[in-house]
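Remarks on the structure that follows.
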């Protein structure tokens, strides 16, 4: 980096997975980057985009968490409810809390428009208040090529 | 980057997963990079390499798609057939089409030779007309260290 | 890179997955980087961290491998035992061997302290002789931003 460089370093993440633990990692990394003065963008694609649906479980108040579809986490031998309990006991921030922090710190949320076409997801199905932009792969690549760190999660 | 730099920026992808949706993402990102004037390389390893087998399902004409082994996509509650139908309805390019475009645009396909040894895959088991080179981890690292974007999918 | 640059290039890997094949890939890439004179760091988080537990299967001598919990590899239609056999037949290094080489070559192993809190894992549950440091997301980002290659596995 030149001493004269004025660009802020950025972390760009493609969140392809819809697994709760992967969403968790994406937000933790995003928030960590923001806390260190970097910029952060998360591109919600494919199964990841499903986590932004209005009817998705983690978006509900805690009481509604059990109503949602089963996460793949269950298949790994650790139930969602147990995981949630552990996180509560350890004062680990909820996904909802992490997302609020992420956005407050200036983190960007991009929804993949191609995924919306394939999956038949309409804008009104999504929590638009969380989304900064609807974008395609070109936007991701443009950002990633200028990022210090790019991850596919 | 120096103003005098003459290297074209590159995207390097390790495709470890054999999931149809991950292959899809790898090719979409690869094609996007190529369309923006970048170079692209995809290293097919482990389960990803299986997608290059002659007897693999997505390599067949559409009619043969149902004959193939079940993708993990099925376990996520969205059937392969339903996915295919959605993609057809939305005029989304098939994997076969995306791969042809990728190669026509100059994208490189590398088959991991160590995976071939471990999995007992012979060259003649693979669709060699799609493969630019058989390579090891050293080749990937050499390319990735010079790439603007490196992803593990 | 300036000709005057004195920093050694680095590969930084987040190992989020606990799948044997993903651990394998992480170590192969790490060892490859080290062999090429680069530095390497692997951050063991979430399911990946479980692989560092004393009671985890791959940490046992070969005879004990079958006693361990089933890997997700089994769900992909390829049994752990069959995989192990294939690897043995091909003289592929075991995970244990790869890890020993990795550390001998100077590769760093970092255990995610936040995962330990969430999962209720104590230091004494882990094979501390394999771990260079217990660290959080800030450490990962600090390393990744200075790395030539960053991967989320």
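Worth a mention:
Chains here go by letter, A, B and C, matching the order in which they are written, and residues are numbered from 1 within each.
In this section, a residue touches a chain if its C-beta (ideal position, glycine included) is under 8 Å from a C-beta of that chain, and two chains touch if they have at least 3 such contacts.
Model, not experiment: these values are computed from the prediction.
Viewed as a contact network, the protein chains are fully connected, with every chain touching every other.
For the pair subunit A and subunit C, the CA-based superposition corresponds to a rotation of 120 degrees in steps of 5.
Shared residue numbers account for under half of those found at the interface formed by subunit A and subunit B, and the copies are therefore classed as meeting with different residues.
Per-chain CA centroids place subunit A at a distance of 24 Å from subunit B. Shown for subunit B are the residues in touch with two or more other chains, namely 75, 150-152.
Listed in rising order, the residues of subunit A touching subunit C in the complex are 9, 11, 21-22, 25, 28-29, 31-33, 35-36, 38, 75-77, 83, 86-87, 90, 92, 148-153.
Of all residues in subunit B, only 14, 16, 18, 45-47, 69, 72, 75, 114, 117-120, 136-138, 140-142, 144-145, 147, 150-152 touch subunit C in the complex they form.
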